[in-house]
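Comments concern the structure below.
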Amino acid sequence: MPNILSKSLRIALPLGLGLMFLLAVACGSPAANSETAPPAAGSAPEATAPAAAIPQQAVTTAIPVQRVESSSPTQQPAEPPAAAVRDRPTLKAGVIWLDSPLDPVEGGYVATQSAMSETLFRLSGTTLSPEPWLATEATQVAPLVWRIGIREGVKFHNGNVMDAQAVKASLERAIRLSPAAGDTLTVDTITVEDAQTITITTTVPQPTLPGLLILPALAITDAAAAYTAGEGNFIVAGALTGPYIPTEYTPKKHLNSVANDDYWGGTPPLAGIEHVAIPDTNSRELALQAGDIDVAVNVSPAGAQAINAHQGTHTETSGIGTSLVLWWVNFERGILADPLVRRAVAHAIDRESIAGLVAPPGSGSFAELLLPEELVACPGVNAPGFDPDAARNLLAQAGYTDSDGDGILDKEGQPLEIVIGGYPERFQLPIMAETAQAMLADVGIKVEVLITEWSVVKEPAWDLFGWYNTVVQGGGDPVFNISKFAGLRGDASGSGTNNYGHYDASRLVDIITPSTSVADLGGRKEIACEALAVVTEETAFLPVAHVNMVYGVSDRVTDFEAHPTSHYFFNHRVGLSE
Amino acid sequence: MAFGAQRSGGRVPVTSVAGGSRSRLRWIALLREPGTALGLFLVVSLLLAGVLAPWLPLDDPTEIDLPDRLLPPSTEHILGTDHLGRDTFSRVIHGARMTLLAAAVTLALSMTIALTVGMLSGYHGGWLDSALMGVVDLLLAFPSLILALAVAGALGPGLFNVLLAAGAVWWVGHARIIRGVTLGARQMEYVTAARGAGAGNLRIILRHIAPNILGPIIVIASLDVGWIILGIAGLSFLGLGAQPPTPEWGAMLNDARPHLQTAPRLLLLPGAAIFLAVLGFNLLGDGLRDLLDPRTVRPGGSPALL
Amino acid sequence: MGAYLIRRLVTLPLLLLGISAASFALLNLAPGDPAEIVLRQRNPAQLPSQAEVSAMRIELGLDAPLPVQYVLWVSQALAGDMGRSYVTEQPVAGQLASRTVPTALLTAAALALALLVAVPVGILSARRRGGPVDAIARLAALVGAAVPSYALAYGLIILFAVKLSWLPALGYGSAAQVVLPAFALSLAPMAQLMRLIRASMLETLGQDYIRTARAKGLAEQTVAFRHALRNAMLPAIGATGVNLGYLLSGAVIVETIFTWPGLGQLMVGAALTRDYPVVQGFVTYIAVVVLLVNLAADVALRIADPRLRFSRDRM
């Protein structure tokens, strides 16, 4: 080898090797450039959206709808931002998941959260009752018939006018493509009365129909445009109505939007919103303090303390808590199939104290069981309280003794050992698991903690699995909520997707079935309370707390609404001062 | 010795055979080097803490006490309490026990495999050597932490699985070194002579080869412990290693993350414990290497688990 | 040189075959029936029946004998199909591909940073052996090698992002976002490289040809740089493979902390859910990359070091 060459090589080698590695890695995969990150179809981990429960077969075979990468030429911003937009600031938000497709019928709660899509009704942030949004009013004209007024002057992002015909088409598309949504609404026919009025006829009484119309899956879309654009082009279709227009979406990474200057509620004060997925709570809190983001959704009590102490950031807490943290109980694995052991576990865990750790002050207690009192109170139905002695007695009744003196109860040579699972993205769940572990040890139950990804809930690997759930999807129908939590239906799906513990709800079905003919809210409440008593007695699951929503917010953010549900993180009023 | 070995093993095994006996004075010389003395001090403290932990007057490291959570240091809890009201000092000390135990198991497992493979390969030579070194070459392509992760992924999270995984992947580099030393020793005249005198293979291995391997093994082992500690704590930090309520430093670090700003000591203490343990073993390992293996040219060149 | 290359290139496919077999074995050693896992992920509400499991086993090709499955897996992998994730049902190859660039960027930045600091400091430290610079550098290397990256990362975030607001805390996309994770990742290999370069520099400086060069009257500066530097760099190059393995391992943790959308995050998630196809694909992929980079480093080394060009590669 010539000397000159070797000399220059010597100098270039370290750098060259670095580059070489880069190239080797970049080209190492035979499929290096053939695929971009597809969204995790149907992977919405928590029950924040009813349509998360589209039939799974459809999910597995469907081509991912949102495949939007900056490199993809087909997915240009729906509309060029107006000149005026450039003067306005862009807000950056850190959220947990960002994994559902934007099309509402595919479980698109992300679009509603991020102020891109809107439903006919919206849940009030203070009373949690449904209030008109794209609708102007709703009247129950007969037990099975609702008349709904449609807001005038609403345009889809593509410029088309949203009239009664469009709303009908949108709802029909949702019912067709999301059987879960269809099952919930039980729609018989939808009729257009005039340009701003439709009537919905249902097959069973729906006394709380406006409450069901808040479901993100029923967000109003321009059905024809969505259909014409075809799969994978939902952004291009411009089929939504919200104050922000999606421009770019890479699921699990980021979602960008620009302001909709034609918005019916007024011109949004922001140029757009950039959402980033930051699954780790701690990381979201740090990103907010570092100024990477302006809003951090769902912060922990410790994080809230740091955020409030940090200059330029503070927290905003919703007045009530509708998100329920609970444990699913696994009936499949045997140990907790024994009702005595289930009740013993319920008595052995001091859920009131755990609630104090995981929920900010003012959040609802586990004693309210399924629903915050604002929604339903069932006098006489109480959660099993903390009572270790009762737990020990129940375990003795169940035949467990500590025959080998190791502090762990056993029966027929089998130690009483259970697995408490959870996923780390919700900071509450690991804490719940670890405290319960210590509390159960006191009554002689050995616990293994399994903090893993949420999808493990689908495997027979746990006895209790921590879950963070949004309650109010039924928009106030107590029967709906009970059925959902009893595992009788997934989120508004009727498919039972949430019955991860394989709870046999036959007793409950008998109680709930008559509700199809009960139209008045009082009667439905009674049915719900009866069902709740059964669920509590059978310890079908263990509620821990109703968690108020806590948002970390930069002081520059103006008009932020700390909504108690996970449905609406942003609206058309939120702004950012310089 | 070709250079190829360097990239693979991460250090050049010294094929020269160390003399059989060494002066005791040299061991004392070990302590004259301040770094080595500090290393020895740290390691001995760690050993004492780890071995004696259950008999020390400490709080139960797994006992939670929710009303007393996140207490600052006080006379009752000299390092305060953690997010579940457990005594932090007790958890750090018991963590030493877990850490030592984990390192010892990993080391024992990996050394057993490495010795078997390395000595067989070096002593037997021929096709067996080629075959075994082929396997070693193969496994060297897998970064150890990633292979450990994969094994943990296959077997499920848990400290035992992680130890199994670490032990199963950690031996590869060592096997090469031991092979090299064995190879060198085998070619020494006295081995040839012993064989000529009709000594059996086992006898030759035990009498003539094993003593030569001892030095390098001590050096490798002491230099390795640091990496093993870092690696296992890292896996626990990711949630794949020690599971609650086990007081393990990596897991403690992970638990402390939400309190990074409000109670930073919860993060600093296990972090400092890991740091001191690793530093101690590294310093001691350096000292031992200088003592036992002065011609090794590669300082601290252990292939990192982490 | 040519013969060496040919020998390496001939053994390469054998090693690749071995790697794929090892990864495949790993998947098949794992407990649990993949068919059942897939069915449960698709429909958690219903326990899969025996008939469904059998049908799924056929659909996934699990009914074939293991060697047949292996051959099929290898042939599909060669065609760029590494199967689908049990959890997301997305193609594994696509996930690996989309996460490769972030990881490559991060590790390359960390490697560059490590070399940029380690090379000059190592040389300086060797030349001023025993002096204060040397003492400080050696101390720093000791400390750097012992600091756990996961604790360091949080210290960096608090100091540079939260307190000083100089850099973003986390995320991926801009140049500023690379700085903290790259530094956290590079500290330990930096310490190691520094010690390596210092030691080999010291060794070289004591060798005959350097003494000869000195005797010839060249300035010491030139001697050090012309002769010693070159030889001091060799172990650094030789250690590239090891460092790569190190960096990729470290990236697993650093990516998780900094929410860096790379291979490490993917792997941790897959390991936690026991998403075997992803674990298997990832391990194979990394092994192949490490193998190829090692080969490249070896070849580069031989080009740079004439002494090795004719030596027989014994190991």
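Observations on the structure shown:
Note that the chains are named A, B and C in the order they appear, and that numbering of residues resets to 1 at the start of each chain.
Quick note on the criterion: contacts are C-beta pairs under 8 Å (C-beta built on N, C-alpha and C of every residue); 3 or more make two chains touch, one makes a residue touch a chain.
All figures in this text were calculated on a predicted structure; none of them were measured in a lab.
Each chain gets a centre from the mean of its Cα atoms; the one farthest from the centre of subunit A is B. If you compare A-C with A-B, the chain pair joined by more contacting C-beta pairs is A-C.
Annotation: 21 Å between the Cα-based centres of subunit B and subunit C. Work out the mean CA point of subunit A and of subunit C, and you get 37 Å between them. With centres defined as mean CA coordinates, subunit B is found 44 Å away from subunit A.
Subunit B has residues 157, 239, 257, 260-261 in contact with two or more other chains. Within subunit A, contacts with two or more other chains are made by residues 286, 310, 452.
Of all residues in subunit C, those touching 2 or more other chains are 158, 162, 240, 244, 272, 288, 297, listed in ascending order. Here subunit B touches subunit A in the complex through residues 62-64, 66, 69, 83-84, 157, 239, 243-245, 257-263, going by the rule given at the top. Residues 1-8, 10, 35, 133-135, 137-139, 141-147, 149-157, 176, 226, 230, 233-234, 237-240, 250, 253, 257, 260-261, 264, 267-268, 270-271, 274-276, 278-279, 282-283, 297-301, 303-306 of subunit B touch subunit C in their complex. Subunit C makes touch with subunit A in their complex at residues 37, 40-45, 47, 77-82, 87-91, 93-101, 103-105, 107-108, 111-112, 115, 119, 157-158, 161-162, 165, 167-171, 229-230, 233, 236-237, 240, 244, 257-259, 261, 269, 272-273, 285, 288-289, 292-293, 296-297, 300, 303-304, 306, 309. Looking at the complex, you find that subunit C touches subunit B at residues 14-15, 18-19, 22, 26-27, 29-31, 141-143, 145-151, 154, 158, 162, 188-189, 191-192, 195-196, 198-200, 203, 234-235, 238-242, 244-246, 248-250, 252-253, 256, 267-268, 270-272, 274-276, 279-280, 282-283, 286-288, 290-291, 294, 297-298, 301, 305, 308, 311-315.
Subunit A meets subunit B in the complex at residues 281-282, 286, 300, 302-303, 305-306, 309-310, 350, 353, 356-357, 424, 427, 430-431, 433-435, 437-439, 441, 448-452.
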